[in-house]
């Protein structure tokens, strides 16, 4: 008898995806994370375009992390064309990036992950038992959105950040508000973090893996760098990203796959927090120490709490960052050459994001984008396979939710985190 | 009055429109209160796909056979179908004119034609290429205010119409100096209003993300931009980005006519 | 009309004094542009000529809620705040006079009327630039339509009191005013001479109604229609354009319907479109023809003067150079270098 | 400083009315009889009006549109409309039941210059929905029959089913004091007892004193040209030929500008124009 467990989130990993688990007898034969999301051929669309056009196009790859896409795209262009942005530009980008992390993490942690652990279908149903937490989550999300709106122009696909600088700089009042609110919201996320301590974290999928993240040159915990750090100790310059990613295509997905030295690896908040744990400080470090243990290296569920810790980290950093922005000088930087190649790497909320360009005569000649979910898919399949096998051994019938929760822990793009479960049994 | 039953769906796109619905933090609970939400997979796992709907909001372009099946399914069970966002209304950036045929592009990215066997990919098209669409809300992404207005009227049983005027009108309401006069490549005159002229108000030329306005005078805009020193290639590229499927055809003809 | 003099160093206290009437608004430079904004007297740009959007925005804002509807009742809670608008040049005041006649003829527009009631208009003299042609439209000086009018003579300003309300405002600022002397008058006359000589843009608008009327079938319109972007800029920036549209919206949060009123334009595609999709002015050339015949001919027969006040906003705003000057010149078959005249007429 | 005084009356504010009666005149045209909920109100609605004027009918959430009053002021208290379902507002109107509310502003427009028609022969030509404003004038003339000379009413429709007020006109045809001729372009069911052919074919019945006749035409734009030619052939002066025009209108009071033609605002300078106006204002038809 073949049993096929099919979990179809009518939703996306960058669109639509589903998990298929083929079971024969008591053996898991195959696990496939299907990506139905239609192909959008972004690498081809940007060819022949000017940098500013490419930036606008590629930020449309994903709405949830458009800002990261925009930042890595801008970074790639700036490195290709030798553009040296002003200090203020860099700091403002950092602030916008924090905004995105706060928005995305609050949505994922509170509204999508916690309901699972606590046994609710969605955040609205969770409202009754956890009103403060849900309201706090909405507040945090709104704040993150507002930060992006102020600096990037819109909540989604803002056009204000461009190669070399900004369309307009945010006003003093807005900056002041950003700093004030960050201080006010710290207790909210700490309340959210406290919930984690009460949860039982499943262990039926645990296994070792490799992690990768950016490795900021300034020695701080951060989301932008020109170096990649891998948990085996390797440090790669951004331009050599292919040594990490090695993209390939599988028949059941329009999203490509990645392997490092032939093995799956993981990127995302968990990778960042583990690889840069020494660089955490403040309350964020305290909470990390409180919850950290060796299982973090083997269990993707900890990605959720890693996000909450990062969220706290961002809020704590914002007031000082705003001060620095107010003091910094601004100029609009322009390219020093019109041909060349460059790679921009940043951390999207869900992991390492790479944009690579070759520019000729001011226009894009070749482009390559490697997105976090692409890098995580093989690991997602791996963990689901292990979990399915272990759960079957234990004789569990209802295995869809546990499997979904693994996928969801990777925050593959929020819609994937909600789902419609369909079990197809074949005899 | 009975609560209208609605569903919110996504085909191929970036999910930005659904996300911007979730971004209506202050109004979200109200929305859940006014409508009976039968399916909104991005926000809730409680979905009832059997129910018939008063209104279906569909985001994304039709880019695979599965998209097409889903869309037909949604059309069948819904009284009113709203195309939401640039992808659904015009086809999205993925349907832009790039001067080569789509199959060729596809092979370049995926190596070979049948590299992915899951479902057959289709050249991306807007919903109206396949089914009847009752109302549109363009935008890449849609904005909160226009969405709430649209949803509000739908809740009252009225099918809203998108205004017929371009971004420039809103740009003037915001008291901006026209960027075209500064020699910038602003797409305002060819672009649907609704965003509130966000970009020109920030000093950034509009890239046209609300899609081409009906009966746009793009010949005049092209003439103007050439006078300002832009090349035909520059202009075609810029027009293409958010031009969607229909403008892609116009651009092809335009270039062919040039060559003759 | 009563006339006073105001020492230069009393200008700011004078304006601050007027705040006793309401919020103080005036021309403020923001980067390359000038807009009417709420500001302190020191922030006003006294040399500024034309703001992007004229003062009509104070009398009927670009977009506002005209009526509300809930529980089967309509409500109109439009209550403009009291404002002092400083820095209106003669052309703007002429435009407001046209606005006034238009909005009070037959039916008085209540929204306009309330804004008018809530506004104190303080004019300011100006020196023309290359695009001003109020000289040709007969609107370079003004005798009515303001409450106070200031003429800048350098070290002092002359202050005309133009209305009972202006007179009343002297209670607030009378203490800064002094009586005029013979020297002030002669300086003013000399200033007028210099100003009149400063107009560089020469355009002849005489006989315009007839010319436009007889050019109804001129190929010029067709040519213009090809170049017009239908962007609506010209009508939004024109101080005498009045068209608007009404649209119902439902405010989910407050659970009430809003009937929104917003600036509309005759160059927009659906302007003359009626049910069933029939469009009386499908062609852009037809819509432009309406624009110019209405402005230059229609108003003439209604009010005895064209509705152009020579402010030059269309001249500096239309991306393709369609404006009163270039249209008039083209219809007169004079030479123009306007951009639109260069667009090749080829079949699309 | 002085207090700002607001006028209480806002002509944009619609007044509530109740649908008293409604029935279908043809497949897509419905008759509505409505009564003001507050009949004493004189502003922004008044119950007194003249034939040829129109009201703005307002439905919250969809907006407003102009509709000719088809009832006669000589039978006061009620407003009657016949409305064709063509778009958003009209579809919504068709969803309403008797006793439901709608909202009115008006009357607006110049209306027919009834006082100028007194003592003259009257010649009315209606096509399609044009019967709506003409019915008002016709009923008015019939109620004040002794004020006018001869009275001819010509009415064309595409098929018998499309003829507005068919039954009513059958009745009126009985009256001896005026001549009513009805025609249809086609008669698919073959039971039409009267003339067939375009409305201009009815001119053969008309016998009026052209120098002392007021001629009125109301119908779809294409009809005007042919009917006007017939009027001219009869020798009726331009200034005595009246027609009602349609344009997009948002306010009805000469403000929104959307009905402007040349220097005429169709909503206040019209909707009734003479042939002389039409010849002198380019673009009116």
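To keep things simple, chains are lettered A, B, C and D as they appear, and every chain counts its residues starting from 1.
We adopt the following convention: a residue touches a chain if its C-beta (ideal position, glycine included) is under 8 Å from a C-beta of that chain, and two chains touch if they have at least 3 such contacts.
This is a predicted model, so every value here is computed, not measured.
Across A-B and B-D, the chain pair carrying more C-beta contacts is A-B. Distance from the centre of chain C peaks at A, each centre being the average of the chain's Cα atoms. Measuring from the averaged C-alpha position of chain A to that of chain B gives a distance of 25 Å. The mean-CA centres of chain B and chain D are about 43 angstrom from one another, to the nearest whole unit. We define each chain's centre as the mean of its Cα atoms; on that basis chain A and chain C are separated by 52 Å.
Chain C and chain D have Cα centroids lying 38 Å from one another.
For chain C, the set of residues that touch two or more other chains comprises 247-248, 250, 257, 264.
Shared interface positions of chain A, i.e. residues touching 2 or more other chains, are not present. Among all residues of chain D, those that touch two or more other chains are 61-62. By the definition given earlier, chain contacts exist for A-B, B-C, B-D, C-D.
Those residues of chain B lying in contact with chain C across their complex are 26-27, 30-31, 34, 148-149, 151-153, 155-156, 158, 163-166, 168-169, 172-173, 175-178, 180-181, 188-190, 214-215, 217, 219-221, 223-224, 227. By the touch rule above, chain D contacts chain B in their complex via residues 61-62, 88, 92. Put simply, chain A touches chain B in their complex at residues 9-12, 15-16, 34-45, 47-50, 53, 56-57, 60-64, 66, 107, 111, 121-125, 138-139, 141-142, 145, 153-160, 162, 167-168, 249-254, 413-415, 418-420. Put simply, chain D touches chain C in their complex at residues 1-2, 4-7, 9-14, 16, 60-65, 86-87, 90, 101, 103, 246-248, 250-251, 253-258, 260-264, 268, 282-283.
Contact residues on chain B toward chain A in their complex (touch as defined above): 9-20, 22-23, 25-26, 28-29, 32, 39, 41-47, 49, 60-64, 66-67, 70, 92-94, 96, 98-100, 102, 105-106, 108-111, 115-119, 121-122, 124, 140-141, 143-144, 198-199, 202-204, 207, 209, 233-234, 237-238, 241.
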